[in-house]
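Presented sequentially are two complexes of subunit A, the first with subunit B as partner and the second with subunit C.
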Partner chain A sequence: MNLVKKISWKSTIKNLYVLSVLILIVAIFSSVSIKFIEGPNIINIMRQSVPLLLVGTAVTLLMISGNIDLSVGGILGLTSVIFSLLVKAQLGYLVSTLLTLALGIFLGYINGFLVVRLRIVPVIATLATMSLCIGFGKLLSPGGIGLIKGLPDSIIRFARSPFLLGLPISFYVTVLIIAVLVVLQKKTVLGKYAVAIGGNKTAAELSGINVVKTVWLLYIIVGFCSALAGIARTSLLSLGDPVTGSGIELDAMIAVVLGGTSFSGGDGSVARTIIGVLIIMCLTAGMQVIGMEPYFQSLVKGLVLIVAVVTDVLVKERIED
Partner chain B sequence: MSDNVLEIKNLTKVFPGVRAIDDVSFDIRRNTVHCLVGENGAGKSTLIKILTGAYARTSGTILLNGEEYAAHNPKEAKNKGISTLFQELNVVDQLTVEENLTLGIEDTKFGFLQKSVKIKKMLEVLKSIEPSINPKQKVGRLSVAKKQIIEIAKAVASEADIIIMDEPTAAISEGEIRRLFKIIKNLREKNVTVIYISHRLDEIFELGDNVTVMRDGKHIETKPVAEVKDRSELIRMMIGKTVIESYIPKDTKSQEILFEVKGISNSKLHDISFDVKKGEIVGFYGLVGAGKTELARAVYGADKYDGEIIFKGSKLGDTPSKAIKAGIVLVPEERRTEGVFTILTIRENIPIMNMGKISKAGFLNNAKERKIAGEYIKKLNIVTSSMEKETAKLSGGNQQKVVFSKCLFADADLLILDEPTRGIDVGAKGEIYSIIRQLSNEGKSIMMFSSELPEIINNCDRIFLLYDGRVKAEIENGTDINGEMIIHIVTGGE
Partner chain C sequence: MQSLEKRNTAGSKISNLTFVNLAMLCVLAVIFIIASLVVPRFFNINNISNLIAQQAEIIILSIGVTFLLISGYFDMSVGGIISMAAVLSAFFCQAQGAAASDLGSGLGLSYGMAIVLTLICCMVIGALNAFLVVKLKVNSVIATLGTMALARGIAMIVAKGAQRITGLPPEFKAIGQFTIIGTINLAVVIMLVLLVAALVIENMTVFGRRIYLIGANRVAAHLSGIKVGKQISLLYVVSAFLAGVAGIVMASRFNAGNCALGTGYEFDALVVTVLGGTSIFGGFGSVTCAVVGAFILGILSTSVNMLGFQPSMQMLVKGFVIITAILALRFALDKRNV
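Let's look at the complex of A and B:
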C-alpha cells in the first residue's frame, strides 16, 4: 500500500511543478502590470486559448501512442476557409459546422491512412498533409492568398461574444471536449492501448492489440479537434484565413512537452497539457500587455521551453532517486 | 615464437549463482582452424566474450603470442590482434566496399580523405581473398556471405593473429558456404588463426584442424580433428550423460487433436507439419538458426506463411489478434521487448490481452482490474510489494510470470511458449515448469520451444526436432529417450 502512495505522490509533484511554472508566470506579469489579471484580459486569454487547447489535448493522446501530427495547423487553416465559404454560401451554421467537422475527420482519416496503412513516418506523412491543406486553403481563397472577409456579424456568437460569465460558447464546448479526452485517456480501453502502443509497439502487436485501428482513431480525433479549432478561430476573428493555423503545431508540441508528456510516447497526461497551453497563452498575452516586441515573444517561448524541460528532467531524476 | 598463438590457463568466469567458465585451460596452435563446440550454455559464448573484451574474467591467464592478454572492448581486442566476425555484421550498408574497409582508420589530410597505401593494401587483400567483389559497390547490395568476406578481409589486412567466427554459416546459402570454407582454409597461409564456432558438426570435420569441446562451463577435451572418430564421439563429449530428472508420462492421453499445422513454409521454414492434442505438452528443440522462434511466430500469425493451420476444426486467421480470439496465446522469446509493457504496472499488464473482460462499452472497470491482478499475483506467486509496481522493476522470473498471467487471462486453450525460462533463475524456472504442468493437467495444450535439451526432455510429452527450418524427427518421450540421437539430428545428422 505504501508503494501506491509513493507513486501518486510522484505524479502530484509532477502536477504541482507544471502548475507552479504557470503561477510564477502569472505572478510576474501581474506584478509588472495589474491589467494582466483583470477580468477583460483573463477572458481574452481564455477566448484565444480555445484553438490551442483543442489541438494540444488531442495531440497529447496521439503522442502518448508514440505518434505525431504536424498537420494540425494546416487542417485549422483549411477548415477555416471551408467554414467561411460554407457560411457565406448561406448554408446555415449547423450544416456548415457539421460539414467542416466532417472534413476534419476526413483529414484525420487521411493522416491515419498514410501512417498506418502506407507506413509513412508520421513526421513526413503529416508534413505532406499540412502542405496539402494550406495549398487547398489558398486555392479556395480569393486571389489565391487573400482572406475571406464579409462574414455575417452573427459569426462571432460562437467564439467571441460572451455566453456565460463573460466567456463564449466555444470555451464551454472546449471544456466539454477536454473532459471527454481526459476520460478517454484515463478510463477507457482506447487510452490504455495508446499507452501500450507508445510504450512497446512490438509487445502491443503480439498482445493482440489492434495497433492500426487504435492509431488511426487517434489521428481522426486530432483531425476533428483541429477542425473545431478552425471554426473557433474563424468565429473569433470573423475571418477565413488559410494560414491562420501556422505555428500552432509547434505551440501544441511545446504545450504537450511542458505538460510532461514523453516525446517518444508511452507516458503522458491530457490534463497536464491544459496547464502547458495556459503557460504558452499567458506568456504570449503577458508579453503583449507589457508591450514587448513580437520577436521577443518567440525568443522567450523558446527559452521557457528549454528551462521547463531541463527542470522537468532534473526533478524526475530526483524523484527516481 | 611459440607454436601456440593463444594459451588459456585456468580461466574462470563467475556470474552471480553460475560458474559460466570453470577453470578452463587449452592452447590454440598458430595458423590453424580451431573449432569450439558445446551445447547451449556450455560456456562457448562467455569464453568468446572474454576474448573480445565484452566480459572481464574472474580469474586465470590468457597469453597471446606468449604475452599476457586482456581487452576491455572489441576495438582494443582488434588492436591487439583478435578480430571477430559477429553474427550481427559490422558493415555500413550505405557505404561502398572501399569505404567500409577503411572505416574508422581513414587517412586524412586537413580533413580530406586520402588515397593511401593503406587502402591499396586493403584492396589487395580483398582481391586475393575474393576477386569478384567490386570495391566501388555499395555494401547494401551484397549478400550476407560477401559482407562476411569484407569483414574477413578487413581483419586480415589489419594483421589480425586470430579471427573468431561465431556461427558464420547460419545465415548463408549452401554455395556461399563452400566459398567461405575455401577462404577460411586459405587463411592459414595468410598467417591467421581461426577460432570457429558452429552447431553444425559436419563443418567441424570439414574445416577444423583441432577441436575443443566444452560442457557446463568446463573444458572436456582438446584434440586434433583427425583423431576424432566420428560425430557420435563428438556428441558424447558434448552432452556427457543426459539424465531424465522429472518427466512423468501422463496416465491418460487425450486423442483429440486441437491444433493441426499442414505444410507451412516461409523464408525460414520449409514444409512443416505437426499436430497438438488436447492437454499435451509438445516440445520443439533445435539449435541456433533451426527456426524455433520463426515457427512460433508463424503459427501465432505474427509472421506470414504459406500453408494451412487448423485450430478447433476451423482455419486459423493470420494475425495475433485473430489467434488470441480463437484461443491461442504466445509467450514471446524476448520478455522485455516483446512480452511485458515495462512502463505499465503489474495491474495494468495482466488484463491487456483480454480487455473486454474488464471493460464495458470501452470503459475500464478499475475494481475488476485490481481484483484480477490480485488473483494472478497470488496464483502465480509473483513476488512484489504491490500490484502498482512498474514491471520494469521486477526480476526476470517475476516479469515472466506477468507475461504468463497476461496469457492465462486471455483464456487460451493453446499456449505457445518461446524459450519460457531464458535468463531466469533456477527457483523461478521450477515454478514456471509446475505452472506449465498444471495447465496441461487442466486440459490446456502447450507448445514449448526451447534450446535447452533438459527442459524439453523433462517437460514434454512429444518432441519435434528442428534443423534448418525443417522438422527432422518426431519422438514420443519416455524412459528410453536418447540424448545422443537428439543431438545427432539437431546438428544436421541423418
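Let's look at the complex of A and C:
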C-alpha cells in the first residue's frame, strides 16, 4: 500500500514537472512573439508533430522494456520513398498506404528478429538496419540521392489540408493510435510485461513472461508507427525523401527521456512522452518564430536532452530519499 | 574433468582474442585478394596507399571507441566532436578581422595554439560524457547522443551552418595534405604513433589490463580495488581527445572547417570496431581488431565505388557487413569454445 502510494506520488510529480516545462516554454515564446500562440502557428506545430508523436510514443513502450531503436529515422525515410513510388505508380492511396504499413511491420519484424532471435545488441542491430533502410531508400530514389517530386496534389489531404478544426486527418489518426498505445501500456498485459522485462529481464523470464514475443511485438509496433510517420511526412511535404527521418531517433529519445521514462527501462509513460514531443516541437517552432537561425537547433536539442537526463537523475534521487 | 580441460586447450594454444584477430586478418586477406582480382585498377600502388591514407581518421577515432567498448561503454559523441574540432581548429587560427564576413575572420592564433585549444575543448566534452555516465549513471548511449548533438551544435553555430574556409594559415592543410611517400601523409604518421601507443597501453600496462577486467565484470573489478569510475572517466576524455585529433586531421585534409564533417562517424567507428571482433558486451577486443575492421570496410567501400555502383550502396554494404560479421564471429567462437 505504501509502495503504491509512493509510486503514484512519484508519477504525479513527474507529470506536473514535465507539464510545467511545456507551459514555461510556451509562455516564454509567446511573450517574445504573440504570433507563437496564434491559431495558424499552433495548427502548424500540431501538423508537424505528427511523425514525432507516432515514433516517440511507440519508442516509449520499447524503451520501457529496456530496448532501443535507432532505425526509426531510416524506416521513416524508406517508407517515405516507397509510399511516394507506390503513389506515383498509381496504385491508389489505400493500397499504397497498406503496402507501406506492411513494409513498416516487416522492418520492425527484422529489428525484432535481430535483437531477440539473433541476440545482437539493440544499438548495433538497429544502427545496421538504419543503414540498410537509408541505403535502400537512396537506391530507389532517382539518381541515388534525389527527392521524389511530382506527387499528385491530392496527397496533401492526409497530413496537410484541414479536416476538422483546421487540423488534418493524420492528426486524428495519430490521436487514435496514441490512445491505443496508452491503453496498451496502462491496461493490458503487454504494458505490464514491458515494465517487468525492463525492470529485470531474467526475473520476467523466470516468472513465465515470453520475453522474446513481447519485445518482438514492441519492435513491430515501432516499425508500424514509423511507417505511418513516413506516410504522414510524405503527405505533409508532398515529397519522398530517403533522409527525411534522419535525426528523428534523437528527437524521439529526447521526448521519451523528457517524459521521465527511465532510460534503463522498467518505468515510463506513453502519455508523458506526448508532452515531451510537444516540448521539442514548441522549441523548434518557437526558435523559428523568434527568428533564430536553424543552426542553433542541434545545440539546443543536445542541451535539452542533457538537462532532461540530469534532472531525471536528480528528481529520482530526491524521491528515493 | 580432465577431458574437459583437455577439450578447452586441445588444439588451441592461442587465446580467443588471437584466434579472432587471425580469423579477421584472414577475412581481410581474402577480401583484398578478391578485390584485386575483380575490381579493375584496384591492385595498384596509388590506390593502395590511398586506401591506407583514407583509413587514418577512422583508425585514430576507433582507438578510443574500442577501449570504451572493451570496458562496456558506448561513445556516440565522437561524430559530433569531429565536427566541433574541425570547425574550432579553423576558427581559432583564422586571421583576425581579415575578411568582411563573420565566417572569414577568427581569433588569429597560431596553428599550434589552435590545435591545443581545440583539443582542450574536445576533452571538456569528454569530461561531460564522463560526468553523465560515471557520476550520474546515465545510460551511455543516451548521454553521449546528447553530447554529440551538443558538440555538433557548437560546430554549427561557430560555422553558421556552413564552413570556415577563408583566411586559414598555410600550415592548416599540412597534416592532411603534406605527403611523405605516395599518398602517405602526416595523418598516417600520426595514426601510426597513436596506434603504437594504444597497443603498448593495451598490452603492456596495468591501465590496459584493467580495461578488460572492467568490461568482463565491473563488480569484480570494483571489489578487487580498481577505481572503475576514474578509469572510465579517463577513457571518455581520451576518446574525446582522439576524436578531436581525427577532426583536426579531417579539417586539414579538406582545408576547411566544415560543420558537416564527421556526420555518421560515430556509426562508422562502431562498425569498424565491432567488425574487427571487439565484443559489444565488453571484456573482449583489441585495437588491432579496429584496424583490421577499418581496412575491411575501406576495401569494400572502395571496391563498391570503383565498380561504379551508386554511393548509396556503401550504406547497404555497411549494414550487411556488420550483421554478418557479428553473427560469423559468434558462430566461430561458439564452435571453438564448445
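What we mean here is this: the second predicted complex is superposed on the first by the 314 of 321 C-alpha atoms of A that agree within 3 Å, B and C clash if a C-alpha of one lies under 4 Å from a C-alpha of the other, contacts with A are read in each partner's own complex, and residues count from 1 in each chain.
Note that in this section contacts are C-beta pairs under 8 Å (C-beta built on N, C-alpha and C of every residue); 3 or more make two chains touch, one makes a residue touch a chain.
These numbers were taken from a predicted model, which means no experiment stands behind them.
Trainee: More residues of subunit A in touch with subunit C or with subunit B?
Mentor: More residues of subunit A are touched by C.
Trainee: Quick one: is A:Q90 in contact with subunit B, with subunit C, with both, or with neither? Answer first, second, both or neither.
Mentor: Touch partners of A:Q90: none, neither subunit B nor subunit C.
Trainee: With both complexes overlaid on chain A, does A:E293 touch subunit B (first), subunit C (second), both or neither?
Mentor: In the superposition, A:E293 touches subunit C alone.
Trainee: For A:A128, using the defined touch cut-off, is the partner it touches subunit B, subunit C, both, or neither? Pick first, second, both or neither.
Mentor: Touch status of A:A128: second partner only.
Trainee: What is the contact status of A:M253 with respect to subunit B (first) and subunit C (second): first, second, both, or neither?
Mentor: A:M253 contacts subunit C only, not subunit B.
Trainee: Can you list the residues on subunit A that touch subunit C in the complex?
Mentor: 68, 114, 118, 120-121, 123-125, 127-132, 134-136, 138-139, 144-145, 242, 250, 253-254, 257, 263-264, 293-303, 305-306, 309-310, 313
Trainee: Which subunit C residues qualify as touching subunit A in the complex?
Mentor: 74, 80, 128, 132, 136-139, 141-143, 145-154, 156-157, 159-161, 259, 267, 270-271, 274, 280-281, 310-320, 322-323, 326-327
Trainee: For a test of understanding, state which residues of subunit B touch subunit A in their complex under the given definition.
Mentor: 300, 302, 320-321, 323-325, 330, 332, 337-344, 348, 352-353, 355, 359, 362-364, 385-386, 388-389, 406, 410
Trainee: Write out the stretch or stretches of subunit A touching subunit B in their complex.
Mentor: Against subunit B, subunit A makes touches at 1-4, 7, 187-190, 192-193, 195-196, 199-200, 202-210, 266-267.
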